[in-house]
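The chains carry the letters A, B, C and D, assigned in the order they are written, with residues numbered from 1 in each.
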Amino acid sequence: MSYGNVFKFLKENNKENWLLYTKHDFISKLSNDTLKKEKFLNYLTQDYLFLIQFSKAWSLAVLKSDNLEEMKIAASTVNDLINFEMELHITLCANYGISKFDLENADEENENIAYTRYVLELGYSGDFLDLLSSLAPCVLGYGEIGLNNINTKPNISMYQKWLETYASVEYQDVCKNVGKLIDDAFLLRLGNNFVNTYKWKKVNGIFKKATLLEVDFWNMALK
Amino acid sequence: MSYGNVFKFLKENNKENWLLYTKHDFISKLSNDTLKKEKFLNYLTQDYLFLIQFSKAWSLAVLKSDNLEEMKIAASTVNDLINFEMELHITLCANYGISKFDLENADEENENIAYTRYVLELGYSGDFLDLLSSLAPCVLGYGEIGLNNINTKPNISMYQKWLETYASVEYQDVCKNVGKLIDDAFLLRLGNNFVNTYKWKKVNGIFKKATLLEVDFWNMALK
Amino acid sequence: MSYGNVFKFLKENNKENWLLYTKHDFISKLSNDTLKKEKFLNYLTQDYLFLIQFSKAWSLAVLKSDNLEEMKIAASTVNDLINFEMELHITLCANYGISKFDLENADEENENIAYTRYVLELGYSGDFLDLLSSLAPCVLGYGEIGLNNINTKPNISMYQKWLETYASVEYQDVCKNVGKLIDDAFLLRLGNNFVNTYKWKKVNGIFKKATLLEVDFWNMALK
Amino acid sequence: MSYGNVFKFLKENNKENWLLYTKHDFISKLSNDTLKKEKFLNYLTQDYLFLIQFSKAWSLAVLKSDNLEEMKIAASTVNDLINFEMELHITLCANYGISKFDLENADEENENIAYTRYVLELGYSGDFLDLLSSLAPCVLGYGEIGLNNINTKPNISMYQKWLETYASVEYQDVCKNVGKLIDDAFLLRLGNNFVNTYKWKKVNGIFKKATLLEVDFWNMALK
C-alpha cells in the first residue's frame, strides 16, 4: 500500500491520531455487524451532504493549481464527484430507503460542518498544498480503511458493499493518483528537501487537524 | 433592547435554539459562581483563537460590501478587533495567568473550528447578507447575554467583569451599530418586503445553524 | 436564436456596446480574409491563456451554486473546458505552428488580464448571478457571432474553421444550456419580477463592463 | 532610500519595466506643469475607484496572514485607507471641483480594472507573498516617485501637493513599514535563501506584471 511519500511522512508525524481515525469503532462495528443500521443510514445521509462540500473543495483545487496538469486532475475529480459519485450515492441511499428528498432536506450535523468548512476555508485562505493536506485524510484514509479490511466480510450486505467500495481497484487507483498529485505538488513547490521548510510544519498541523475532524465525524455517526 | 428589525425577525424564527444559546448552562454557572475556573480559563483561550478567525471574517465583510459606508463599518470593526480587543484579551488572560505564549500555542477545539470556519466559508462563498447573518448570533447574542444579566453579580470577579463587558454601554453601542448595518444592508438589497424573498429563507437557515454552533461552543466550554 | 430571457434583457440594456463587441473589426476582417495571420495566431495564443482563467471562473460557479443541478452544469463545464477544449485548442495551435511550449510560455497581455481577472474576482467577491452575468458576454457572445456568420465563408481555412466552431450545433447547444442555467438561476433567486430588483441593476453593470472588456480583447488582437 | 531587501531584488530583476513605470511621462508632465488639468482630475477620479479596490486587496492580506503581527499591519492599513485616506481623497477632489457624487458615479476604466482585479484575484487565489508582491509596485513605487521628485517644484499647486504627499515623512514611513512587512514575510516563509525557491520565480512574475499594469494605468491617465 503506497499513496506516495508525502502522505507517508504526514502519517508518521501523526501516528496516534491516524489510528484513532482509521481504526475507529465505527469501522470495527461495521466490520463485525454490530453497527446499528439506523446509524449507518444516518451516516450515509451526512455523507451525501459531505460530498457536496467536498466537491466544492476540489473545485478550489482547480483555482489553486499552478499548471494544466494539476488543473486536469482537480477538474476531473470535481466532475466525477458531482456527475457520477453523487448519482451512485443517491441510488444507493434510495435502495436503502432514503429518498432524494430526504437527502436534500437533511440537516448538516455540526461535526460534518466542522470538517467540510475547515477544508473549504483552507481551500480559500490557503494554497494548493494546504488544501491537499486537508483533503488527504479523507481520500487516502478511506483507501487505507478499504485495504485494512479487504478480507473482512460482514454479513450485512450494505456494510460489505461499503467496505468493498473503498477496497476496490477503482478507488485504490484514485488514491494512488491523488498520492502522486500530492507528491508532485510538494516537489514542484518545495523541492526535495520539503521536510525542512516552514510550509511542512504548517501542513502537518493541517493534516493532524483534518484527521481529528474525521475522528469526530465517526463519533457523530455513532452518537 | 433593540438591535434592529432583521435581527428581531431572525430570532423569532429561531426561538428555541436562541434560548438554548443565550440561556446556556455556561452562562447560568458563570452567573452563580458554580463555573469551574479552569473551564473559564480554557474558554478564554479558545476565545482568543476565535477572535483571530472572527477578525478575518469581518475582513471578508469589507470585500463583500457594496458601498463605502458598509466598507467603513467593516474596516473599523476589523481594526478594533485586531488592534484593540486583541490586546485587551491578551492582557486580561495574562492577569489570569494565561501567557501570550500559551494563547498562541493552544490547540483550536473542534467546536471552535466548526463555528469559525462555517462563518469564514460563508464569507467567501456567500454574499454580504449571508456573512452578516452568520456573524449576528455572535455579536448580538453576546450583547443580549450582557443585557439579560445586567443585574447579575457573581462574586468571582473575573465572571463579574466578563458580564460587565457585554452589558457595557460601549458593547451595546457596537450591537446597535451592527444591528443598523444589518437592517440597512437587507433594505438596500432586498427592499422592504425582504421576508418574502428567496434570500430570506436562506439567511434564516444560516442564522439557525450559526446559533447551534454557538451552543456547541458553550458545550465545549463546559466539557 | 434564443439563449434565454435574462440574456435578452441584458443585451437590450446594453445595445450599443453589444454591437461594438459582436460586430468588431476583428470579426469583419476574419470574415473577409483581411485579418493578418500573425494577428490571428497571437489571438489563439492569448485565447489559450484565457481558457485557463475561464475554467477557473467556472470552478467558482461550482462553489457559488445553490443546488446540485447548478453544480452539475458548472462541474461538467469545468471538466469539458480543461480536459477536452484545452486539448483541442492545443492541437489546433500545433497545426498552425504554435507549440505547446509557446503557449505555456506566452505572456498574458494586459487586456487579457483585465477581462479574466474581472470575471474571477467577481466569482470570488460576488454571487452566482454576478458571476454568470460576467461570463455571459463571452459564452453567449461567441455563440451569437457564430450564428451571425453562419453563411460567411472566408477562404482562409483556419478562419473558416474558427467561425464554424461557434456556429456548430454543439456550441449552440452549450449556449442554450448556459442561457437556461442563467434563466433558472435568476428565477430561483429573484423571482419573476427580477427586473425590478437591486440585483438586476448590479448585474447589468457587470454585463456592460464585461462586454467592454471583450471589446478590448478584440482591440488587443488587432494591435 | 530603502524599502527592504526583497523589494530591492524584485526591482533588480525588473529594471526596465520599473523605469517605464516610475519615470513615466505622466510624472514628467506633472513635474514640469505640462500635464493637462483635466487629465489630472480624471486620474484623481480613477484613483478614488482604485482606492476602494486597493482597500479590499489589503483586507485579503488580513485573511492571508499567518500571525497576529501580520494581521495587525494589514488591518490598520485597511482602516487607514478606508476611514482616513478615502476622506482626504474625497476632500481633495471636492477642492478641485469633483463632487463625491461624481466620484461614486464615475466609470472604472479598463486599465484601472486590469490592475485592481489582477491584485484582488491574486489575493484570493494566491498566498500572502503573492499578494504583497502585487501590491508592492503601487505602495513602494509611489514612495520612490515621491523621493525621486523631492526637489521638483511644479508651479501648479495641485501637482506640487501631489508630489509632496508621496515624498512626505508620513508616506515614506508607510513604505518602510510595508518594506519590512514584506522582508519579514519572505524570511518567515522561505528562509534566507529565498531567491533560490520556486516561489521566488513566481513572485517575480507577479511583480513584473503588476508593474506593467501600473504603466498602463499611467497610459490611461494620459489618453
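Basically, contacts are C-beta pairs under 8 Å (C-beta built on N, C-alpha and C of every residue); 3 or more make two chains touch, one makes a residue touch a chain.
This structure is a prediction, so every number in the text was calculated from the model and none was measured.
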- When you check each chain against chain C and chain D, which touch both of them? A, B
- Message: Which chains sit in contact with both members of the pair chain B and chain D?
- Response: A, C
- What's the call on chain A versus chain B, same or different interface residues, using the half cut on shared numbers? same
- Message: Pick the pair from B-D, A-B or B-C whose contact list overlaps the C-D contact list by over half.
- Response: A-B
- Message: Nearest whole angstrom, what separates the Cα centre of chain A from the Cα centre of chain D?
- Response: 42
- Task: Just give me the whole-number Å value for how far the CA centre of chain A lies from that of chain B.
- Result: 31
- Query: What whole-number Å value describes the gap between the mean CA coordinates of chain A and chain C?
  - Reply: 35
- Item | Touching two or more other chains - residue numbers and ranges from chain D | 56, 63, 124-125
- Considering only which chains touch which, label the overall pattern as line, ring, star, complete or other. complete
- chain B residues touching chain A in their complex are 56, 108, 110-111, 113-114, 117-118, 120-121, 124-125, 209, 212-213, 216
- In the complex, chain B residues that touch chain D: 52, 55-56, 59-60, 62-63, 68, 71-72, 75-76, 78-79, 81-83, 86, 104
- Message: Help me check something: in the complex, which residues belonging to chain A touch chain D?
- Response: 63-64, 66, 124-127, 188-191, 197-199, 202
